[in-house]
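Labels run A, B, C and D following the written order; every chain starts at residue 1.
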Amino acid sequence: MTKIKIGQVGLGRLGKVHASNIVKHVNNAELYAVASVVEQELEYASETLGVQHCYTSYSDMLDNDALDAVVIASPSGFHAVQITQALEKGLHVFSEKPIGLELENIRQVVDKIHDHPHKVFQLGFMRRFDESYLYAKDAVDRGELGKITAMRCYGIDPSSGLDRFIQFAKNSASGGLFLDMSIHDIDLVRWFTGSEFKTVYSLGNNIAAPELTACDELETGACLSELEDGTIAYFLAGRNAQHGYHVETEIIGTEGMIRIGNAPEKNLVTLYDKNGVVRPTSDHFPERFRFAFINEMNTFVSTIKNKDQSSVTAMDGLKSTEVAIAMQNSIETKKVITL
Amino acid sequence: MTKIKIGQVGLGRLGKVHASNIVKHVNNAELYAVASVVEQELEYASETLGVQHCYTSYSDMLDNDALDAVVIASPSGFHAVQITQALEKGLHVFSEKPIGLELENIRQVVDKIHDHPHKVFQLGFMRRFDESYLYAKDAVDRGELGKITAMRCYGIDPSSGLDRFIQFAKNSASGGLFLDMSIHDIDLVRWFTGSEFKTVYSLGNNIAAPELTACDELETGACLSELEDGTIAYFLAGRNAQHGYHVETEIIGTEGMIRIGNAPEKNLVTLYDKNGVVRPTSDHFPERFRFAFINEMNTFVSTIKNKDQSSVTAMDGLKSTEVAIAMQNSIETKKVITL
Amino acid sequence: MTKIKIGQVGLGRLGKVHASNIVKHVNNAELYAVASVVEQELEYASETLGVQHCYTSYSDMLDNDALDAVVIASPSGFHAVQITQALEKGLHVFSEKPIGLELENIRQVVDKIHDHPHKVFQLGFMRRFDESYLYAKDAVDRGELGKITAMRCYGIDPSSGLDRFIQFAKNSASGGLFLDMSIHDIDLVRWFTGSEFKTVYSLGNNIAAPELTACDELETGACLSELEDGTIAYFLAGRNAQHGYHVETEIIGTEGMIRIGNAPEKNLVTLYDKNGVVRPTSDHFPERFRFAFINEMNTFVSTIKNKDQSSVTAMDGLKSTEVAIAMQNSIETKKVITL
Amino acid sequence: MTKIKIGQVGLGRLGKVHASNIVKHVNNAELYAVASVVEQELEYASETLGVQHCYTSYSDMLDNDALDAVVIASPSGFHAVQITQALEKGLHVFSEKPIGLELENIRQVVDKIHDHPHKVFQLGFMRRFDESYLYAKDAVDRGELGKITAMRCYGIDPSSGLDRFIQFAKNSASGGLFLDMSIHDIDLVRWFTGSEFKTVYSLGNNIAAPELTACDELETGACLSELEDGTIAYFLAGRNAQHGYHVETEIIGTEGMIRIGNAPEKNLVTLYDKNGVVRPTSDHFPERFRFAFINEMNTFVSTIKNKDQSSVTAMDGLKSTEVAIAMQNSIETKKVITL
């Protein structure tokens, strides 16, 4: 069994998660090469992970003919061109979301991907590979909830990161709360319902972080939307969960209701102390989704091995981005937006 | 200590709860008289509760000079006139919501109530007297959550009552899901935030009960609204909770978050059986709010005794009704409604 | 419907609960008289509860021929003689546990009670009237758990009362942890299983309160016992629950398992804050069992009305006391005790 | 970085878990060889895991000089001799518990291990590597619970395996419930408290599986024990948990209490359906401890790499076995056993 040779670009917070998983938990692959313009990231790859081929240029890495696939975890602005280059080199591609920063750009990449049907393209919607979400999806698909009538999706980052985000927002554009955070939730709604979005209407406030208003950012945003099949979907995104990293998804069906992450329990421990009866909580996304990240990368590799195509497509990225942009437009226009 | 002499009109499902509570759990009052056009209801009052004065006419009951106060639990269409008559007789009034069926009508009653400042008028928003809500209100008022940024209110009736509602809807008008059910939630949002509603935008569907579409009713309705202070409030009302009676309220603040009724636990029992780890749930509102109903009636009586005024005013009824009607209008116009 | 006229002796912490419940929540009874040697207690009865007949002597109260029944909530040392006197006056008796301080004494009272088969005698095992316990008992009786194989009973008082207990223990004898606290648990095991105790083996320690060793008291005590039908029962009693009042009962059966009070949730509130996801907890027994106390008193009164006999008998008191004393003996002898 | 070459003996249920983990999740090791007398097991190793060197004889495998370490997952009766042989060949050893079937035998192996201080010996107490237990251990070590006063350990196998166990028990000896199951719990108590056992007293019954009595086995066993530092420890072992695999550990301290696995939640999903509010549960130990198994094997390998010694020693195995045997003796003698 020869191992899939992966070259990864980008070794930031999320990039390190992927690189480390490939080395430690993806048996059928090896992290053959990395590319980064950050010296410490290459050092980390070389010394901690034992990667042999380290490049300061993505293009140079792609020139190494030994590669089978790339993992793209660079800043969002580079995704589109890096995906394109890799496909043109005949490589399989795993890319973090978003595919690109603008819709036109994304559509071009989607076309390019469709021109390479025998190359695996997988987008980093890792929640689909989380065991709790898989359990819920299986229950929904077996009909245990009957028909879906409404969904609710919360994505609230921990308060511990709020100050850092405020500093970031003073100098950079995140793309807005919905594009930055709700896009995972939008993907989940499409995945669970199999339906597309028809309308969105959004609100937002900065009660918890008034400084963000000057940066044209929101601390809390909410959106009420309708899908083509009539399902109602509600989204709440925020940057100030005092109890940790709160990702919660609710699916209400005609025969029952499921909540994933009703309380973001860290483990199976319950404390009984002066505060009451306490469940400790997940601190951040690398903790909450650590096994999902492993699963998604193993799936990418086995999809290549099996000459299959990924279930998380470029079109999923495009559609979710369209919805997130509409949610943001609704904030700006104070109107219901029809997709 | 002389007991407050109460005359009650209406002894349906909710009326029986009030009457029985007055007899059994309201020490400073006695159920002196009842009025109903339903013979069995008078029999129940006389035989089961031992009420001495039973009337087939509300006006006749009011002519009994011994009365101090009335409890109005008759069909909604009678509330306005019965409140007015009682006030004109110099009686204190506890009335179930709504005060009236139309806004103009309600405003007239509100004026009438304001003309009788020394008579207690209390509206039946019993949730404000539930110990879980009181605990949460106290936490909010002490500042434990910081400033409120968002709320979420669910009111979902048990599936066991859906067929009966469909039969009802074929012949009668409920006033719509928001007026019928969300009005309690609207009141809670006003109570917790101390702010008024600015805009509402609603959606609805009948995926779980297609027959309701022909009746111009909704099985599931949702509303996203903004308060004057910027708080975001989301409402979900439904008639098909398979697990029982689901009333849930979430308050997100800058310093933490509270959920009341996250799971509508029936008691302190946990079952570990073939289904997994199971918490039994409340079946319906008389069970969920049984102590709230007792507390609200005791409060009504002690307010009279203390020559005080109620904290649940006619204006609360008017404001909440205005919002519920706007929510319904949003469904019909598919637009964001500004209050 | 004439009301049962109750005379109550003792208006301490628990006595006040009973007296107040009779006045406010027991419709078919009136608190006709009270007896206490504590002046403030009589004042409380007279002023706060409006009791007409106040006595400084129990015997004098019994001489009032209007009485139908007595409620005995005096210090434990008086119970035996007060029960006897009341029965001899032809009165129904509700008595707090224990019936008496010594087995011989209790047996005499049991005989006396048996000599008055037409008088209701009810012992204050209020947990049997708690809705969670009733729900569990019903499930067990319906066979939902199959045959019972093992039980676990925790009774841990809140840490907030530990210092006060230590002061108390320096001057007085509580009868020991098992007689003071586990007796309720012993009664529950007999009630759920319908079986009697065969052997007990106990351990104890004072790691949390070394001062108690000099007082011949235990902060924590545990007992492993076997019932005649083979069921295993484990008991833990303690005086130092940091999270509040922890009463928990587990019933393991061949078809499933039930826990009552797995977490002693105060209400339906869940907090999501810096501590994690938190359920507030019950502070003490008057809070945890407030509705059980109301139910038990209503049951006492309706049992009298129905000329029935109580389901919580003097024999239940005797049997549970025998077991508690055996548990204490096991601590002293370090041996397995056979009953 | 050269990889540690592991030879594994035994590829049954648990053996497959280890072998698969070594291949997929232990980056610094390779599964170089396997030995088994079961043909299908060797086929599995060769075909599914791609193991190159497959032996029908453990001795033959040990003759392969390339090996660095062995993983022993064979039937318990072989452990002692296989550990000894491996040590004599100069190999590091990871062995499943028990070290041996009889105390004398185990003591000889412990001596042998002590004669090879530069070889890593790690015993398969995987719970110490579970993240929930590690979280609790860390809290205890930081003093969050104060001093430990009592512990409770439940290990109940799922009902789904009961029939199979009954068939097994008709032909084979499991060593008894305490040696087979409670040994993990005994180890946890020693690990958390740092104290040794002083006395044990056990009970058992076969209410759920009367057939086991003839096999001299117990379906349910319980033990109350005292540690040298005064801590009370209660154990319950069983083979009939209808809701799945129930491993629960409670640590009561002077400052608070911790429960690990209060409910054996399978994931973060909550169902709201006709049964109530339901948490799905773990089915069996490979599911519950899947990450613990990975962690323990990675720890074994990194301990070898770091020329360190394991924290889970042969002495831990010996001590826990002594306690389990005493628990079993208590059943037979119906007496308190002093260690």
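Throughout what follows, a residue touches a chain if its C-beta (ideal position, glycine included) is under 8 Å from a C-beta of that chain, and two chains touch if they have at least 3 such contacts.
For reference, the UniProt names are A, B, C, D = Inositol 2-dehydrogenase.
Remember, predicted model here, so these are calculated numbers, not experimental data.
Novice: Would you indicate which option in C-D, A-B or B-C repeats the interface seen between A-D, with over half of the contact pairs matching by residue number?
Specialist: So the equivalent interface, with over half the same contact pairs, is B-C.
Novice: How many Å are there between the centre of subunit A (Inositol 2-dehydrogenase) and the centre of subunit B (Inositol 2-dehydrogenase), using C-alpha atoms for each centre?
Specialist: One centre to the other, that is 42 Å.
Novice: Hey, how far is the Cα centre of subunit B (Inositol 2-dehydrogenase) from the one of subunit C (Inositol 2-dehydrogenase), in Å?
Specialist: 37
Novice: Could you state the distance in Å from the CA-based centre of subunit A (Inositol 2-dehydrogenase) to that of subunit C (Inositol 2-dehydrogenase)?
Specialist: Each chain's C-alpha centroid was found; their separation is 56 Å.
Novice: Multi-chain contacts in subunit C (Inositol 2-dehydrogenase): which residues touch at least two other chains?
Specialist: Those would be 241-243, 255-257, 262, 264-266, 270-274, 280.
Novice: Line, ring, star, complete or other: which describes how these chains touch one another?
Specialist: Basically all the chains touch each other, so complete.
Novice: Name, in rising order, each residue of subunit A (Inositol 2-dehydrogenase) that touches subunit D (Inositol 2-dehydrogenase) in their complex.
Specialist: The touching residues are 1, 23-25, 27, 50, 131-132, 135-136, 139, 144, 255-262, 264-274, 280, 291.
Novice: Would you tell me which residues of subunit A (Inositol 2-dehydrogenase) are touching subunit C (Inositol 2-dehydrogenase) in their complex?
Specialist: Counting only subunit A (Inositol 2-dehydrogenase), the residues touching subunit C (Inositol 2-dehydrogenase) are 241-244, 246, 263-266, 270-281.
Novice: Give every residue of subunit A (Inositol 2-dehydrogenase) touching subunit B (Inositol 2-dehydrogenase) within the complex, in rising order.
Specialist: By the definition above, subunit A (Inositol 2-dehydrogenase) touches subunit B (Inositol 2-dehydrogenase) via 146-150, 152, 201, 203-205, 207-208, 219-220, 222-224, 226, 230-232, 234, 236, 238, 240-243, 252, 254-257, 262, 334-336.
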